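Both complexes below contain subunit A, partnered by subunit B and then by subunit C.
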Partner chain A sequence: MTNLSMTFAATALILVVFLLIVRFDRRPGEKRVKFFTRNGVIVGLYLILCVGFWCILTIIMPMVFMVDLSFHPKLPPSMAGGPEDVFTLVNYRMFLFGSATSTDQLNWLHLRSFFSTIGISIGLTFLNFAVCYPIAYYMAQSASIPRLRLLVLLLIIPYWVNDILRAFAFRILLSYNGFMNNVLTWLGITDTPVDFIGANVALYLALVYSNLLIMIFPLYNAIEAQDHNQIEAARDLGAPWWHIHLFVVMPQAKPGIASGMTLSFMLMAGAIATPLVLAGPRSLWFTPIIYDRFYQLFDWPQGAAYAMALLVACIVFVLGVLKITGLKLGEITK
Partner chain B sequence: MTGHMLNRTIVGLYFLSFFVFLLGPLVVMGVSAFNTSTYPRVWPIDGVTLHWFEALASDATLLEGLRTSVVIGFWVVVISVPLALAGAIVMTQLFRSAKSFYYFVVVAPILTPGIIIGIATVVFWRDFSGLIGLRAHLYNGTVLTVLAQSSFISSYCMLIIMARLQRFDLALEEAALDLGASYSQVFRDILLPFLRPALLSSAVLAFLTSFENYNATTFAILADKTLTTVLAARVRSGTSPTISALATVIVILTIVATLVFEWIKRREDRRRAVRLSAARAEEAAELAGP
Partner chain C sequence: MAMTSAVQFEQARVDFGSFTAVHETNLDIRSGEFFSFLGPSGCGKTTLLRAISGFIEPSAGKIRIDGADMAGVGPNKRPTALIFQNLALFPVMSVAENVGYGLRVRGVARGVRDEKVKRLLDQVALSQHADKKVSELSGGQRQRVAIARALAVEPKVLLLDEPLSALDLKLRQHMRRELREIQQRVGITFIYITHDQGEALTMSDRVAVMNAGRIEQVGDGRTIYGHPETPFVASFVGESNATSGRVVSVADGLATIDTPLGALSGRNARGLEPGDTATLFIRPELVRLTASDGDCSVATTLVEAAFEGSMTHLTLRTPTGTRIVAMLVAADLDQLPADGDPLTASFAPANAVVLPDTARSS
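Take a look at the complex of A and B:
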């Protein structure tokens, strides 16, 4: 079976399941207006064509195709769909155990990179939260309106500078002969310049920097919805400040916290611009490894399998956040 | 009292260091754009020059990348906003599990790393464009990038439009239908004008997001070049103050755009306030009338 027919079959299945749900999941006795009666023919067609194109051709089919491709061997185009084009786990085998000729037990290089990328992204996400929480809290509960507007302006400016330029700014700031080292030596704090890039400090700082706004806005929205009287009441009843944040503000702001954390994690683990510009010689972020499968080795099925590993990690993270917080998907993607 | 003072000092210091962290790197980069030194640095200042900005204006590769980025941004807006509008309207007409199912599909692109969207788009359209016999037209970097970016930018736009749609009064629609309007008239004359602000802001957001995107673009762009991919290649091969100059231009444009946007918003707020108080005064006059 070729890749495409498999994809068509899976997509058709998803569509049928969806239509069945629409048809049968209703309360007994509930009356529904027919789609074209409700919208008219022209608007109805517009809705179906657009949503169909968007969901099927740009979301579902590419994703299904990528999953399917990751289970196929690398073949020249002439042999695709031929007898050699079989279902195989060879690409995942490569990720876990290395190539068939490797003598190592596991593919340590790639596995270590994968798990350190995930682990460091989780750590940086918490750091990002810790940095942003006070700012968001102040903006939501204490700032006057003119000051709030000023803060939002200041926050937005770095956000529209693209990832590459942000990383570049950090390189100027933190390189061996960079501004930070000039300042440190001038102040007499160090005699020899510090290698910020080699130690990955530059990479981690830039990753947090890029995601500040992604964290602050959901937090701000969630904390802003909180009634200030509750905080006053807790204070009057003698709660220490950290009690107020931990047991009054944060439980209410849970959807915002979950949303900021999820997006921030996903953008860090999936970041490719920042690691390309700032990774030190000893760091191996996972995304450049995926990129190399595609455009250095030109082994697309293997690249697809590596991308799947990253995707699964992101899905597990989202599910984990939903499980821990007890929220629904709709509550964290507002 | 001293406790209060201490508190304020700590909060003040925290904000100060936060904004130094936020804006410091950009300022340092901006200053390096004016230094004569061929390596982008702030100190020592060898001399002040505008040379790097001139070099920028005559840099053919960068300008070509800029052009492609603008073209892609334009098409992303043209495609994403109608898709997002349709997506948001369909959301209001689905219920229960069907709605959750649909919601999951259209929000998934936001929660998926950009590089995965780029990869999936390229591998799928390589084969699919061949199947429908349009490979020569569809399988090129610009088209694929537009497709890849539209998939998740439409989701962002849909969330913006949905937020406004929630405040739509269905009675308006029913009234129009009762008065004999056709369905497409209701759509054109009532729903679209109501959604106008959301459509405009989603168009702006779509363009900006497309313009600064790198993750999905780097996979989907194939042999073409956008501003971000040209920049990435430059930054990797070595640093030059020209890049600082470009960043400075972008930062300044961002500041100007945000200020203009803020100014427009304030003007509208003020106008709305005036209209509201005028309407109230009229109402009061009517009530107090003969």
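Take a look at the complex of A and C:
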């Protein structure tokens, strides 16, 4: 079987699995209108073609190529498809156990980086939620319309600044001789400057900052849909504010919380520009390691394998969130 | 039952910015009473209710519940429970969890809580539905969940904000009886908000009729209907024929006013003097087609007779074009003339009331 035909076969398989999931992933008794009945034939065909093109050609097929690549050895182009171009787990072996010359049991350098990236991203996702929930709640339930507009504007405007510029701005702000340290020293809070970059504070701040909107909007949507009377009813029945949020508002906002958390996690774990600029010398964010496989080692198969490891971690995280919250995949898109 | 006060308003006023939603109000709602606020939408009745429950603080004056000044006491600390117009049940909780919510936030032990929830659900006949989601219940059942949830916290005063308005007519009438029964059984004060006079009159011990931020009259249903004290009450509660004019004479508790229909007399309930402008009100069911001695009479023609089962609704028109409505019970149907026939509409002056046009200044 050639590489190309295998890619097509894999793509078809993914599509079939997806359609089967859609078919069976629904609440019992749920009725759905037939796609063409609802949209009409012309619009329906247009949607299928466009979305199909987008999904298959720009998402699934490149991914399948990547998966395929990750199972091949690194070869010069002249030898691709030749007798030495065999299926191999060497790239994954590299990720787990290190190179053949390594004396360590496991590839700790990369594994530690991988797991700390996942762990820290989870932590930052919760931090992001803690920062965004009060803002989203205020926007959805308390703010007057002019206030709401102003707030949305204030939230959106920072996104006009591009990612790398923002990262460098954080660097300037938080570097050893930077603005923040000058202020702290001047105020007499510290004698010696704090190493924000080295302690990764700058990286974490920037990651949370650049994912605020990603978290706020799904939360806002979910909380905004909630009947304000329910909040008042809980209060009238004697509930303190934290109880209302924990047991009345949040359970209903669950789809929004899940969707904000998964998006925020994936964007943090997969961020590349921010860690390249802001990560401290002692930290190794996982994405720069992947980047190096491609552009420092020119070992694309190995890079593909490393990228796959991250992708699988993200998928596991999403499935875990769905499992914990008891939501169906379709519900977090509401 | 002792006649103590459950809720007292002392010169209470509520402003929203420059708009006064409720003007200075003095009112005593007795303990154990079923009290209704009746009025059109925007009259301030919901504002009053929210002020009692604590979601709004009065801009001036005091509100006392059970004798205690409620200034600065939040809604979660007041001995009241509110039933919302849309009920505001928690969709993520089961029926039993909804009912037990108030106990849960009070830290009542699970065993005691379950016991009490079970008893309350028994009382509202929902025991079989305890573990269902609220969305699986019918409208009437949800209504009862809301009542049980509010009663669970043993409020001294239960506040109801038009909770029946979303139900169909039949269920609404049934729930009226049920609410009244529950109130009699638990014996606490119910304060009920409605724009539906039928609800207010059938359920309440006393009714306060509100208009434009003011209480126009407080009394039991019969008094409100039979002895309205302001033109608003006379026209808002029940149907009334009205005609305006200037008072020409007062005698023997009757006032006579000069109207486009001629000189008509009615009870002088508010001590009018000759020269005052006033309006005479007469209920359709008190309009007669055969005049007796001392009756005021008006010559009319029959425009339309609408048969409504037990009653027949007559629309009459005077030569000057004034519309008069009369109600006849079914027994009188045989004597009914044809449309367009002349008819003399008359009423006993004691059955009509003459009220001053100026707004009440109390």
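Simple rule for what comes next: the second predicted complex is superposed on the first by the 289 of 334 C-alpha atoms of A that agree within 3 Å, B and C clash if a C-alpha of one lies under 4 Å from a C-alpha of the other, contacts with A are read in each partner's own complex, and residues count from 1 in each chain.
Criterion: contacts are C-beta pairs under 8 Å (C-beta built on N, C-alpha and C of every residue); 3 or more make two chains touch, one makes a residue touch a chain.
None of the values given here were measured: they were computed from a predicted structure.
Touch criterion met: A:Val43 reaches subunit B, while subunit C stays clear of it. Of the two partner chains, neither subunit B nor subunit C is touched by A:Leu284. Judged by the touch definition given at the top, the superposed model places A:Arg235 against subunit C, while subunit B stays out of reach. Of the two partner chains, subunit C is the only one that A:Asp227 touches; subunit B does not reach it. In the superposition on chain A, A:Asn177 contacts subunit B only, with no contact to subunit C.
Within the superposed three-chain model, A:Leu327 lies out of touch with both subunit B and subunit C [touch as defined at top].
Between subunit B and subunit C, more residues of subunit A are touched by B.
Within the complex formed with subunit A, the residues of subunit C that make contact are 53-55, 74-77, 80-82, 84-86, 88-92, 101-102, 105-106, 149-150, 153. Residue ranges of subunit B in contact with subunit A, taken from their complex: 11, 14-15, 18-19, 21-26, 28-29, 32, 39-43, 82-83, 85-87, 89-90, 93-98, 100-117, 119-121, 123-125, 127-128, 131, 147-148, 150-151, 154, 159, 163, 182-184, 187, 208, 211-215, 218-219, 228, 231-232, 235-236, 239, 243-244, 246-247, 250-251, 254-255, 258-259, 262. Chain contact summary for the complex, subunit A toward subunit B: residues 3-4, 7, 17-18, 21-22, 25-26, 35, 38-43, 46-47, 49-51, 53-55, 58-63, 65-66, 69, 131, 134-135, 138, 149, 153-158, 160-173, 177-179, 182, 209, 212, 262-263, 266-267, 269-273, 276-277, 287, 290-291, 294, 300, 303-304, 307, 310-311, 314, 318, 329-330, 333-334.
Of all residues in subunit A, only 227, 229-230, 232-240, 243, 248, 251-252 touch subunit C in the complex they form.
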